[in-house]
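The following pair of complexes shares a single chain, subunit A, combined with subunit B in the former and subunit C in the latter.
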Partner chain A sequence: MNNKRQNKRKVDTVALAFVAPALILYVLFIILPTVSSFYYSLTSWDGISPIVRFIGLANYREIFTSARFGNALKNTIILTVFISVFENAIALLLALAVDNVRFGKNVFRSVLYLPVLISGIVSGFIWKIMYNYNFGAINSFFRNIGADGLCQDWLGNTSLTLLMIGIVLVWKGAGYYMIIYLAGLQSVSTDVIEAAQIDGATARQRFYYITIPLISGTFTINFTLSLINGLKVFDQISVMTDGGPGFTTETIVYLLYKVGFNEGRQGFGTAVGVVLLFVIIILNTLQQKILRSREVQM
Partner chain B sequence: MKAVKKPRLRDYLLFVVLLIIALIFLYPILFALQSALKSNGDILKDPIALPTTFYVQNFKDLFEQSDFLTAILHSVVLTVVSEVLIILIVPMAAYAIDRRKSRFMEFLYTFFLAGMMVPFHLYMFPLFKEMKVFHIFGTMAGPVVSYIAGSVAFGTLLYCSFLKTVPLEIEEAARIDGCTPFMTFWKVTFPLLGPCTGSMVILNGLGIWNDYLMPYLVLPSGKAKTITVEIASFVGQYTARWDIVFAGTIISIVPALIIFVSFQKYFVKGITAGGAKG
Partner chain C sequence: MKKRFLSLLLSTAMIASLLAGCGSASTQDAGDADTKASETAQESAPAESEAPAETAAQESSASIVTEPTELTFIFADGDEGMKEAMNTIVKNFNDAYPDITVTIEPGNGGAYSEFLKTKDSVGEFPDIMEMRDTAMYVRAGKLAELPEDITSLFSSVTEFDGKVYTAAMGGENTDGIYYNKAYFDANGLTEPETYEEFLELCQTIKDKGDMAPLVVGGQDIWHLGFLFNKAYDDQVISQDEDFIEHCYDGSKDFSDPAFQATFEEMGDIMQYAQDGWTSTPDAQITTFLVNDMAAMLFSGTHMIKTIKEAAPDFELGWFAIPSPDGQLRLVGGSGIGGLAISAESAKDPNKKAAAEEFIRFFFSEETYKYYCETMNCLPTTSQAPLLDVDPVMLEIVDATAQADHLSPMWNGKTGNNELPPDFRNFTYKTCIEYLQGTTDLDAALEEINKTWQTAITSFNPVTGVGITVAE
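And now, the complex of A and B:
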């Protein structure tokens, strides 16, 4: 008995030694700052001075009453929904096209994935120049084909700016989700499709009644992933508009950064981050719920 | 089994449509490449015209007018050092979690995966304060330890899902032959995890190579930081010299492209494994 217990303990020590480096770094540099951010969100910390003053829920009260946060929330919702809808629609269509194309399948898949490789900063810069009013590729193209009327100050026109950033993100992200959809499509067994074919189902019926239900799990995952990634957009906004013109492209994450670093209000910035974390947790829980209810159905 | 059908009209149609979409997707990258090979005057005169000569002055100016060489070095060191340490640390942890079916390890799996939900922006202010306490703020060690910590969540998911496909018999045989658990892992199991390690290094490495906020805020100011940070600072600094910035973007994109073309299958494996759990 004693021997056995000793043996078991020895095994656990080995396992513990295996996980120790990862566990220590993870706790030290992810969990500890995350947990302490709950504390800092209750302070008026400026990020530099050693004095951290506790102010209770004042930051949260400000978040839910300030017009600036309301504006950032609105921008975040518009941008995130735009990205998620178009990224998924385009990625799914591309996956279907690439799955069915007869020639150059692998080349298409690779080319459509290329934008994913580019950093947020670089993609933001390239598109910023393409959008430029006087010297940008888009307006030059319109001028060359004689459609001067279509020329726009793409990033200066406040009703367009946010969507223009959204387009960059859809362009950069669609290839990633396409790969996941492709894997989902390829997991649909050909047996099922052939059986339906024998039963006389048309191509359209096969698509609606077999392919769509079978990849709905992939859709749920992709939609959640793109929503969460949409909430975290930062680099493109930083290089393309810096939150402007005015506050028209200031999202929650960008607000968090600006109040934290430019305005020396890291306590308030951290409180904004805590709100963001709860939004992400809710989205994740919803995804798990939807996935689980589907499993029961099948 | 199925006879290869002759391509029909709609097959050609689909091909043409896809070709047009692919060209639209590719265009911004081509635009960056062609602009990098044109003088500033030519970019402003006709931005969509192709370069007429092979013009490399932009690249010369880039290295002469900025410390871009240091930036490249920093990007390479950050990416390589982080990935080497990640591969020394994360697979071992995932191995222990997957092979030891104890309550504690089950908890650890959930605990690690929860890290995927926490956005960097939430904890960055306290993280920097902590780095100052450890005296690693303003050094390369700051981003490196954060990258390792940040890779634990996705790495555990990826390796644990892959480890289920590695048979236990070989490990047992090694143990009977007198291998310590440590040796068994590194000599027997780890080599079988090659494709998984490939996916991990490539996807995670790309994230570090392209990262902006961490090196921008943590590395000491007044000197070149990383390629991405330099490009971002050029955009504000050289508002009139797009040619130089484009040269920098090409230097940022090309290594990622080369890695992608050489190791494509690892990209697909890693992305689908990540998507499988969400």
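And now, the complex of A and C:
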């Protein structure tokens, strides 16, 4: 009996020794900063001064009464929904096309994946130049074909700007999700497809009743990733519009950055970060619940 | 044996002389170093000289520091002219002072303020830096006080409780209209004498329809700040120089008719901006001017070099827009920013002496002349160097001398008129929304008032909230 206990203790110590390095790093770089974020969100710290003043829940009160935060939340939700839907729809279409192509499958896969390899900042700059009202490729094209009326101030027109950023995000992200969908499609057993074919199922029926249910796990992964990426959008907004014109494209993460670093209100910025953390947890839990219930296990 | 003894004797003598040299340097105390340093300030090597240190400067460097000293230096390096000027000055300084090495660290261009905060938070605050958010860093106890022999170099300085922390590198960037002189001459257009004439001029150009009257780089909101400040000076400062202080003490707010008029004046001027001004970056405005796409642009003196480099043969004209009340109000004088020394660095006597010597070197006559000419900026020193600059620049210097009112930008003021952090950007963004018609004037001003009320709960120089100075 004693021997068993000693062995268990020995095993626990050995296990702990193996886990310890990772655990220490995780606590140092994830747990401690998160806990200290909660603390700083209750202060009016400016990010520089050694003086940190405790102000209770004042930052949170401001968040929930501020029109600027409301606007940033609205923009974040619009962008997140837009990119979650369109990134996944386009990625699935691309994956189906690449999966069914007979020649040059790898070439297509690589080409469509290329935008993913470009950094957010660089892609932002490229599109910013293309969208430019006076010198951009898009308006130049319209002018060259004599369709001047179609020229728009793509990043200056407040009713278009958010959509234009959404398009860039979809363009950049779709290739990544395409690869995951492709892996999902290739994991669908050909036996099942052939059996359905023999039973007389049409291509559309095979897709809706066999392929889609069998890759529902892939949907869960992709929607979760695009949701989180949508909520974290920063690079393209920083480069393309700086949250403008006015506040038109300010998202929660961008607001966090602006108030924390530009306005010298780290306390408030951290409170925005804490709220964002809860928004992500809530939305992700809801999404997981909905998508998981539709998954089919083989 | 004799030979070996002789060589041993010679070696010993050489080592002894070397040690003696070190000894004389190390006996120099920091206080003495300060005095010596100020004496040698005038002996510094000229900025444009490619020849390294002169003997006098080499000798003097030994008395400034007691051991080889390294300093880090950061400045906003987004502008090519600034980069060129600073690289030359630092190189010349390092050549002149072999015991001191100033190393330039990248300043991250446009996002300089954020970058400096990040450097501070990761423990890499530079020894010397171009300081912009002076008040914030002074309150945080991050900057060292500059000695009297440096502050006395300037015609005016910004004080915090009687102490000076920054050496203004150039006068505040005086704004005005840069215009296409050839186009004006060809169309019989003349420089306006009044504000109304300026608006008429814009309307005339707009009616001609061959180019936009005014190019505005509204995508960079700080660029819009040039025009906003003009309107603010015209409407608010003309009536109340302490408007911001009065907003802090609650006797005024941003619904004030004068502040409303600022937005309206912006609306009057901005109707003449080019199509797509909200998505045009500052970097593109020169292209508009020199390619006959716009007749005028409103910006600071830094534009002269940019325009001349873009089109050396471009016929450039300049005029200041008078205020609606007929007065000439310009941005000018010494501002709040400038070269500063880290308080942490100043704890080391060698670093302190070396950093102060670098600032003296920067403002020595030839070096400072070179800097002002390269940057096209107005000198801030009381014994200003004679500049060999573009005639347009001389015109601006004359205008600042004749101006009825000369002051820093509204966001560059100190004391009870200092703005809460980033309130300026919020105002500009709200102004853009008003100019685009996304919001009306009442709603815009109400939003500014709300943000102000929030901002002053954590920063109010009048009540002292958020002003506590770190020891």
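The working rule: the second predicted complex is superposed on the first by the 266 of 298 C-alpha atoms of A that agree within 3 Å, B and C clash if a C-alpha of one lies under 4 Å from a C-alpha of the other, contacts with A are read in each partner's own complex, and residues count from 1 in each chain.
The criterion applied here is as follows: a contact is a pair of C-beta atoms (placed from the backbone, for glycine too) under 8 Å apart; a residue touches a chain by one contact, two chains touch by 3 or more.
Note that this is a predicted model, so its numbers are computed, not measured.
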Tell me which of subunit B and subunit C touches more residues of subunit A. B
Classify the contacts of A:G47 with the two partner chains as first (subunit B alone), second (subunit C alone), both, or neither. both
Mind working out whether A:T224 is in touch with subunit B, subunit C, both or neither, as first, second, both or neither? first
Considering only the touch criterion stated at the top, classify A:G244 as touching first (subunit B), second (subunit C), both, or neither. second
Touched partner set for A:F135, first subunit B, second subunit C, both or neither: both
Looking at A:E263, would you say it contacts subunit B, subunit C, both, or neither? Reply first, second, both or neither. second
Just checking: does A:D12 make contact with subunit B only, subunit C only, both, or neither of them? Give me first, second, both or neither. first
According to the stated criteria, A:D148 is in contact with first (subunit B), second (subunit C), both, or neither; which is it? neither
Dual-contact residues of subunit A (subunit B, subunit C) 47, 135, 261
For subunit A, which residues are in contact with subunit B within the complex? 11-12, 14-16, 18-19, 21-23, 25-26, 28-34, 36-37, 40, 45, 47, 94, 97-98, 100-104, 108, 110-115, 117-123, 125-130, 135-137, 140-141, 144, 171, 174-176, 179-180, 183, 218, 221-222, 224-225, 228, 231-232, 234-235, 238-239, 253, 256-257, 260-261, 266, 269-270, 273-274, 276-277, 280-281, 284, 287
Mind listing the subunit C positions that touch subunit A in their complex? 113-114, 117-118, 120-121, 133, 136-137, 139-142, 218-221, 274-280, 284, 287-288, 293, 420-423, 425, 429-430, 432-433, 436, 438-439, 447, 450-451, 454, 457-458, 466, 468, 470
Contacts from subunit B onto subunit A in the complex sit at residues 7, 11, 14-15, 17-18, 21-22, 25-26, 28-29, 31-32, 35, 43-44, 46-48, 88-90, 92-93, 95-97, 99-100, 102, 104-105, 108, 112, 115, 117-130, 145-146, 148-150, 152, 156, 181-182, 185, 206, 209-213, 217, 228, 231-232, 235, 242, 245-246, 249, 252-253, 256-257, 260-261, 264, 267-268, 271-272, 275-276, 278
The answer for subunit A against subunit C in the complex is residues 44, 46-51, 55, 58, 62, 66-68, 131-135, 153-156, 158, 241-248, 258-259, 261-265
